[in-house]
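Next up: the structures, one after another.
Below, chain A partners chain B and then partners chain C, in two separate complexes.
Presenting the complex of A and B:
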């Protein structure tokens, strides 16, 4: 990556449910100011729980942080007091969730819910907060914002609710926005609109973003950097160009193979064989070894070292660079 | 979910009261058959009871002629269906008949006793809400801690301890030993406000225990389900502090079913004050009906039970209306 001081840098972060093996096993990544990092991986690989840990919202889950550091804007997130974290939440770090249908309080109006977040963090009058909330509803292109301000969530469609969530998250101009699959619950046509909206607002406000997704077309569209996660480890990280033009990890390659594309009609969709093993049966070495077509005994037993094909592009595979080894094999 | 935003109605002004009024009318119409069947049961069951009101009235020295005269006067010789129709006819004109024992009109007796029972039930309800809801919230927030277990244990005893036992223990402690509360009796609230409240403290508490326990359990489970919902996570993600999340976001939603439940429970309290009134010698509805049953005072029993039933049905309708009024999803249709 470039030499800019990262806004968020996560080092060796691990998280578990109290068993011997950690669900998230020593992941590291960083986000630069104003840039977008896409966290990619299949369901259950630990993307969402990582974002909750960064938000400081793990208390609602059985997961606990077991190691590592997360430096955000000069602060060590995991050592801050609960109060200090609450002061950051919704102010410097904001989050958009996956489920717009259930993520808004059904007994409060949209306006109240946005205003509340502003008043919590900014020393402004209620009138000013309301004006700001209305402005945000306009910015997220909410149709008839004055009317929606007084509407309850059940009166809005899924897309409008997600717009309201985005307005809420961006109302305090956070430095970092974490968007956890913000479009998966929406209609395909709405998905594109919401994504375009998020990236436009991000560009306008200079907010950095961690976008969690398993949709590679989304990644190609909005990412500056990509981190590919598999079973609680980051197997490959790099700029969007590195990942798309020169994918190194067999899992990353597998992901590309799983993307259906228009035009090329092969009889079956390429898939990655098998499924993620349960945590207690996870190989000691590379976690992808049980499904990797290139894996051998060393992959099963020893954790692969990071290989850097070029600055900022890291891959955790014994066989990287893949071309050289596979040809040799 | 429809995207048709123009159909949204952000204000109560147009649709709300209309819908509520419609609901009330519909519920009253639905309640009519219930009331008719109920009145038949009230009337019939009593006639099945052994014992004769005139005999009870006359005691030992019964002159057959007087007995016969009274039987005719109170139409006790008519077939039961005819007696029923005559009673219903009078009730519809607002005449509940008069007591066989005292000769007083039943309506007057009821109106005299009603405020006493309403005061007792209200006292109990307020206490139950003040105990049950905070206890439920705390138990939910401190789930699976000693606090939670203790609250559950207290709630269980609240439901299982018999009222008469608790009443007597309280009288022994507060009235006999410490002499800080009157042991029994009733003081009208218009006569001496504070003494009236003071004399209602123990009976109110005794009556409230079961309802408080019930409310605590329901509040706890409603809070638990709300606290694990996505919008609570959103509220925390805004950086709101714990108390704001619990009270403004969680409790507000958890209370919706509790409000409805409380209304229904208030109906229970009105109808269920009998035993408590007996223990604390409060001359309310309960005492009226117990005395009337013992003396086979048909008109009074019928009047009181019918009144209670109407009150209970009214509480049910109120519960439905409240549910709409406090729930924005029902108040503002999509």
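Presenting the complex of A and C:
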């Protein structure tokens, strides 16, 4: 994207469930230190499973990596031993999940859970770990942190649970934070608080972030770079300004068109017709071809080349830029 | 609020409490879900009820249909007090008052085919017999944009968006006059949300329906509704025509909700005044104005006296002691989305081509 050495660079990453066609089909992206990359896409496009692959948490799923590399801080994540991965996880790479209630341990207090994570990775005493945990709870603006330290997850509200998750994820000052829809389960007022909190902490600690979301307004709020995913491929990638001021791919356009704008009201929303086809019916060419209003036979049969309107902004579409190839009706 | 024949559904001072009051041994577990809400729904409009989780909006929706019994207060449908009707008479009315639930998977019977699901209300209300039932089912399927020959499938064979279409078809099966949508699109992906929002708009127009939409997504609400009622901790704090509410909110809670919506433009990223704290527990709502614990404008009076929902002109209502002053102090609004030309241009091409293809297909 720019000349800075990326912290994480994923190249040609593919992942499948044992069938002939891969769910994730050769995606590449990179994250610079201290920056935020948003992976945008709808359910089933492969964004969450990508984050699990990066965390080394695929063992619990039927998905397997079928190709590609992920270089993080000089190491290839996909070839590390399980032990080395466990040392990275929760330490250099941490994760925030969508639903804090199911990802926190219901039988341990918030404090115990944060302390456990610190003691696993850092050579500190239990007292020092507790002090650090308490400090983290304060940093994430948990109301009455000393009291919440001893609270169980079910005793907290959704927003407080998500704060506890963030405190836990950032306790070891990770280089990379992966946040999988961290605000989707929250109310809009709490979502705004959490987004502001994450941005502030990120600025203070210099942590890089991959934020996975389907919400374009969240992207507009926090992203430096954006990768738009559709059915396991990245269809468009660029800086947040590229994507918002010069969106190229028909899927990106459809996503923008589907979001009701708060500013004004138009008669009907532009929609993306139909739904994502099942893997076995995925077109060989562009995977969006079955739903794209511009698609023709070539789109169905041949994988589109990357078109690069400017450095760092790449679009996988035969017809980009649209205005040069499509005449207005 | 104005009465008359214009009003299809009206709630008067309706209250719902769950749980038990305090006794010798036990602490009170009384949850004040909805407190003395008066609200009228006009024929043919789309009224949105918005608020954060736990504000009582879904409870209010269910009260309006008498799916749960109110603790006090009454609901009138077409001038009849439905909260006083016998169950038998109520059942007859149910055909006209329908609901669409948030999670279409949890609200459709997994052991019935779509045909059985849709035929049930048709038979129950004797809208058709014999082969006519099947015709009606086929018509319903096409109305909501599904293929008629899919009706012998089970619910699990459909995607989330399709299931919600089935939920809508079931609500339509009884030829209703009013449909309440309880977060009808919030479980769906954005592109699918847009499809369902558009569908609801079309159906409302084609069938002359009145819609009450319960939701927490303010952007979707603006797009689909005529009037919006904002709820906080079981009370309606503001009620206004949608455009007025979004352009000039009167209640500080409404403006806080609007402020919280992320701007959909990276250039407009900036400092927003964010509401702090969580919703207080509805078991012990704050005294006076229930919002005073989080309100940036709160003064001593706010914790003492409860503000009534008062008329603020032009069909607007607000429950705030100081709405006039706060407003003149200038409530800052979220920046309107400025879509830039490249997006406009290409989205234009996208819509045009989509319309062309649709026509070609017909």
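Simple rule for what comes next: the second predicted complex is superposed on the first by the 325 of 329 C-alpha atoms of A that agree within 3 Å, B and C clash if a C-alpha of one lies under 4 Å from a C-alpha of the other, contacts with A are read in each partner's own complex, and residues count from 1 in each chain.
Quick note on the criterion: a residue touches a chain if its C-beta (ideal position, glycine included) is under 8 Å from a C-beta of that chain, and two chains touch if they have at least 3 such contacts.
Predicted model only: the values in this text are computed from it and were never measured.
Annotation for the three-chain superposition on chain A: chain B and chain C fit side by side. Within the superposed three-chain model, A:143 lies in touch with chain B and with chain C [touch as defined at top].
Look at A:189: by the touch rule set out above, it reaches chain C but stays clear of chain B. In the superposition on chain A, contact of A:235 is made with neither chain B nor chain C. Judged by the touch definition given at the top, the superposed model places A:101 against chain B, while chain C stays out of reach.
In the superposition on chain A, A:160 makes contact with both chain B and chain C.
Once the two complexes are overlaid on the shared chain, A:120 sits against chain B while remaining clear of chain C.
Note on the composite model: angle chain B-chain A-chain C, taken at the C-alpha centres, equals 80°, rounded to the nearest 10.
Between chain B and chain C, C touches the greater number of residues of chain A. Residue contacts after overlaying the shared chain place A:254 against chain C, while chain B stays out of touching range. The superposed three-chain arrangement places the nearest Cα atoms of chain B and chain C 5 Å from each other. Residues 143, 157-160 of chain A contact both chain B in one complex and chain C in the other.
By the touch rule above, chain C contacts chain A in their complex via residues 52-53, 159-162, 189-195, 197-198, 201, 216-220, 222-224, 243, 246, 256-269, 272, 274-279, 334-340, 342-343, 345-357. Of all the residues in chain A, the ones that touch chain B in their complex are 55, 57, 60, 83, 86-91, 94-95, 97, 99, 101-109, 116-117, 120-121, 143-144, 147-148, 150-152, 154-160, 165, 168-169. Residue ranges of chain A in contact with chain C, taken from their complex: 42-43, 143, 157-160, 187-193, 195-196, 214-218, 220-221, 223, 240-241, 244-248, 250, 253-265, 268-273, 275, 293-294, 321-323, 326, 328-329. Contact residues on chain B toward chain A in their complex (touch as defined above): 1-3, 5, 8-11, 228-241, 244, 248-249, 252-253, 256, 327-329, 332, 334.
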